[in-house]
Amino acid sequence: MDLRAFIDEMELLAPPSLAEEFDCGRIGLVVEGRPDISRVCCALDATPYVVQQAAGAGADMLVVHHTPLWTPVTALTGPIATLMRQMLTAEMNIYVMHTNFDRAPGGVNDALAELISLSDTTPLSLGLVGSCPLTIAEISQRLGGNIRVWGELPSLSRLAIVAGSGFDPVLLAEAKERGADAFLSAELRHAVARAAPLPCIEATHYALEAPAMRRLAARKGWQYIDDPPKIHPVV
Amino acid sequence: MDLRAFIDEMELLAPPSLAEEFDCGRIGLVVEGRPDISRVCCALDATPYVVQQAAGAGADMLVVHHTPLWTPVTALTGPIATLMRQMLTAEMNIYVMHTNFDRAPGGVNDALAELISLSDTTPLSLGLVGSCPLTIAEISQRLGGNIRVWGELPSLSRLAIVAGSGFDPVLLAEAKERGADAFLSAELRHAVARAAPLPCIEATHYALEAPAMRRLAARKGWQYIDDPPKIHPVV
Amino acid sequence: MDLRAFIDEMELLAPPSLAEEFDCGRIGLVVEGRPDISRVCCALDATPYVVQQAAGAGADMLVVHHTPLWTPVTALTGPIATLMRQMLTAEMNIYVMHTNFDRAPGGVNDALAELISLSDTTPLSLGLVGSCPLTIAEISQRLGGNIRVWGELPSLSRLAIVAGSGFDPVLLAEAKERGADAFLSAELRHAVARAAPLPCIEATHYALEAPAMRRLAARKGWQYIDDPPKIHPVV
Amino acid sequence: MDLRAFIDEMELLAPPSLAEEFDCGRIGLVVEGRPDISRVCCALDATPYVVQQAAGAGADMLVVHHTPLWTPVTALTGPIATLMRQMLTAEMNIYVMHTNFDRAPGGVNDALAELISLSDTTPLSLGLVGSCPLTIAEISQRLGGNIRVWGELPSLSRLAIVAGSGFDPVLLAEAKERGADAFLSAELRHAVARAAPLPCIEATHYALEAPAMRRLAARKGWQYIDDPPKIHPVV
Amino acid sequence: MDLRAFIDEMELLAPPSLAEEFDCGRIGLVVEGRPDISRVCCALDATPYVVQQAAGAGADMLVVHHTPLWTPVTALTGPIATLMRQMLTAEMNIYVMHTNFDRAPGGVNDALAELISLSDTTPLSLGLVGSCPLTIAEISQRLGGNIRVWGELPSLSRLAIVAGSGFDPVLLAEAKERGADAFLSAELRHAVARAAPLPCIEATHYALEAPAMRRLAARKGWQYIDDPPKIHPVV
Amino acid sequence: MDLRAFIDEMELLAPPSLAEEFDCGRIGLVVEGRPDISRVCCALDATPYVVQQAAGAGADMLVVHHTPLWTPVTALTGPIATLMRQMLTAEMNIYVMHTNFDRAPGGVNDALAELISLSDTTPLSLGLVGSCPLTIAEISQRLGGNIRVWGELPSLSRLAIVAGSGFDPVLLAEAKERGADAFLSAELRHAVARAAPLPCIEATHYALEAPAMRRLAARKGWQYIDDPPKIHPVV
């Protein structure tokens, strides 16, 4: 498939106009390789391991959620030089879908909702609220563990979810107002937890966002390359 | 003791000139109550529970690490109105020592180093590196649990510590260069973990900073009011 | 009356959407007290005297034109701590109507126009121009004195008025273009006076704005608390 | 005298380095005329009347306190075009001494102190505090009237003065701390008066600053052109 | 003709609303002279020579493309004082049409297109593209010489032109996309030339913009005052 | 030679501390390749031609004056992707010396001064002034032609030079004050030329800066890759 046609297809899936302003220049084609796409890989991040696997698989295109060039660069040295050399030498394209995919129908939040069997959902300004039939232990299992509950979890009839870093005071207040009993997201900071108006369920960023990329790969027939962070809780 | 004399004593302990610029106007006396100080309480945060306990104990002064008025306000409504009413009605003073206490000799980082028995320490631009005789399980125990290791922890001969939110790419690089084998701090974000040049040990903010306030209270003969966040790991 | 219902009523009277952008966060409920409103007081400013009188009168609500928390605060010390303690201890609410009330129909400028019997009025971008049947001595009498005329006052057939600090070069030019013979407002600065294209009548801020609060109190059956600045001209 | 020599003399009198940063580009030679100076006039402002008188007197140089070009211009139209035509056609130079003259020894504040017979003076960060042997009526008389006292004036043993617009909350606090009983300056705003920690004596800008220019002219043998604002109090 | 009527006529010709935002305050009447206009001169810049010629010709009005007061001034000294004295003393008006005239139908770009016989034109976001029947030598002749070609000029079937400084990477890309074979403008910088996607023809600013002013003068019956920069190529 | 040692040598030659602030992050090693340096090429710009030649010559290191990554990037697509692929695939290092080399003793300005035989030189805040024994035709010849003189060139006893884009009004004034008869630099804009206080000699950027890189290559025994812009004057 022609690169332009591939991009058009992706833009239908996750329209760039849905992205946050801070994503401007950081989504879409961020590394340009071969103009013809026959083999596509998919991952959450373009880590060295992911790029190596994709190159080994002969991929022309790697679709990821997080750009490897977030901070604007005026130099390619150290690890970023190594990574760019690997990509450019392999003539691999990198295509990024970030906050536009978070918000797209069937995107990151919807994939997470599906994974934990939410039903009867209503949207928040970011993420959504839905009825959850699972216990917290079942949620943890589906998300691969590494779950922490902050506060007392009375029940889980209505659960707010924001894939990514969604523990924002404004979002927490909105979720509570919409009837949520708990809030599931990643990267809960101390100051936010101290003033949280409802119990918080903290999972890893990877656990909440990778499902959407995995599901996308499955639907498209692409190879998904799994590279979760290695975390060991210590009792 | 006169309020002015109490402030002078605190400023010797944690000189305001050591504070970060963002702390300007947010440390020192942030709520003014009675001019005479006879009973002092101490805590990490001025949470509703802490303020209630201090008021119940008849405190004239509450010394904390985190100001209850971080974001500048033009209105006192909702929870902040409730908290301020409680403090002002009780005529309690609130005194804040934040980044100036982080950096002070015998301050937040030093208390943490002592708690986990670091020796042979050298300073970083924030925090320090030292030799650690403990196992990771022993560290977790001393910090009250809720520890997570990101990456493979080969050994712990030299450990970098930053009490608070210290997982910054520049600090991580500095720690590695100074010979650290691992980095202990709070609030590790996904993007930082992905590019961390050494294994990260993530504890809670409270676990890393409360020891300094507890030790200060003990030395001064003040009442320490413990109010750790309630966290339940789910397997 | 329920606090929410009271606020709804006030917002009809002086819609927040009419306010200048700089009033964002500085109007509406700026101090939250009891949720039920049975006794309302009203004043121009929340001065210590006004707050004391209102507390003495058992007010649940004090409606003022100028917020006591204009400059955003990260500390409550000195006079502002004293004032906030007085309000919060009394569980009094403070509701502010500022530039939204200046602009509201029947608001600050309209009350001033009525007080000095202006007729046949047309709006300026701030304030208005109208025909004035009074002599300057009569105007002064109605405004409580402390009037100063800058320049030669030929006649008063058409008078521009801006309650508050309205001596702005752009407004003065607009007033002249709309046929005003003189401009009545407060706080005339030397540099503006030097280049004023028409004679200026300077009254006090209080004299120009208090009438609207007094009239509002009368209409609503609230107690108006008068606290004009004490000014003594010296010959 | 050569223009350059005249400027050197003025810079000794009121060193540009004493000026506030906002005066950058707005003091010194602001309109360039003839290179030889034989006749000098002096005034507070370069008003149309002043410029006309100076031109009529054949002045090569007009020394003023306030620049006629405060706001940067990209067009010369209307009154400013008329004024500039008058100056440029007459080939008159305009020299401005502003905040540098306020602060200079023997400058604006010192001239005011002398006029009202202050003794035993100590400097403030702007202006000064001194012992005043006069009654308020005598002060008013020396300043040409148009004086207003805000608050109760108990005594006048120590008086703070700031020629110009000096009613700033920080300055007021400083003056009180230095033992002042009252504060004399110009352009007192409502919000500042409401919170003033000591009684305020408000005079006109002209009354406080013109004495320095008049005294300078007398000492140098220049012609002083008086042009006070026409103010009529209305009882 | 009355000055107001003259301005109205000019605003029809080059509507101020077409101007770039940076022209705000820098177009229209920038120096105000006599209110009656009987003799008009026209030039590209208000240079000393041009102003002298216009004054000698008894002009009431000088119409130019570039304002003599681009940088906002707080002083009139040196060459700008001399120029303003010349204009103001002569009571000459200066009227500026800048980017509004660039964009106006029949304006700067259209006059240039006509001069070099472009046909079948389509607009760019600035300037236009058209078919050019001339050789490069003929173009140079019509523009008065001082032409430089950067890169290899294969043919000139379609030529992009931007009168003024139009060598901007974004405009160059747009021109190429619209089928241009070469790009004619002024002030080509090294960095832009290095990455230019099509050959660049560099002429002087004067050569590209003066034709519009000359043509305007001819149509209106005004005197055009020619003052091209003196340039001598050295072989 | 080791990369680190090579960098140390370059930093002695052109200390980074001499660079303008805008060069921060844009000088030094901007593309990292092999850690061992045995073959070095040198050029003014890292153009596609230059990079291709350097790669063909087996260079490990390319030293240039202008960075290929001036504008910070968050994507590598189009020509910059092609260029970066070429460099990274070849594992070539790119080292940039920009304003630090302009200012270094024996740097860009000194090389230019030597090329046109300036003697008795004194520094300007950028560039220098010196006595020039050459005719303008000789200067043109040494600079490879494409010279333009703006204004009348009376004599050339003292010549100011600024390699690069040095036609700045402040620099021109400084040069005149230091006794220069003419000013040699690149990229003269119309507005600057109109107000230039002395005649300007405009050469190309390449002609003024390449000599320093060529001379550096000669001294170091590196290969200089010449890639001047192709310019054809049209008479």
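Residue numbering begins at 1 within each chain, and the chains themselves are lettered A, B, C, D, E and F in the order written.
Here is the rule we go by: contacts are C-beta pairs under 8 Å (C-beta built on N, C-alpha and C of every residue); 3 or more make two chains touch, one makes a residue touch a chain.
None of the values given here were measured: they were computed from a predicted structure.
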Name, by label, each chain that touches both members of the pair chain C and chain F. none
Intersection of contact sets, chain A vs chain B, gives none
If CA atoms of chain A are superposed on chain C, the rotation in degrees (nearest 5) amounts to 120
Same-residue or different-residue interface between chain E and chain F, half as cut-off: same
Per the centroid of Cα atoms for each chain, what is the distance between chain B and chain E, given in Å? 64
Distance in whole angstrom between the CA centres of chain C and chain E is 52
Find every residue in chain B that makes contact with two or more other chains and list them. 70
Among line, ring, star, complete and other, which best matches the way these chains touch? ring
What part of chain F is in contact with chain A in the complex they form? 25-26, 28-32, 67, 69-78, 81, 84-85, 88-89, 91
Under the definition above, what is the set of chain C residues touching chain D in their complex? 45, 47, 66, 70, 79, 136-137, 139-140, 145-153, 165, 186-187, 189-191, 193-195, 204-206, 229-235
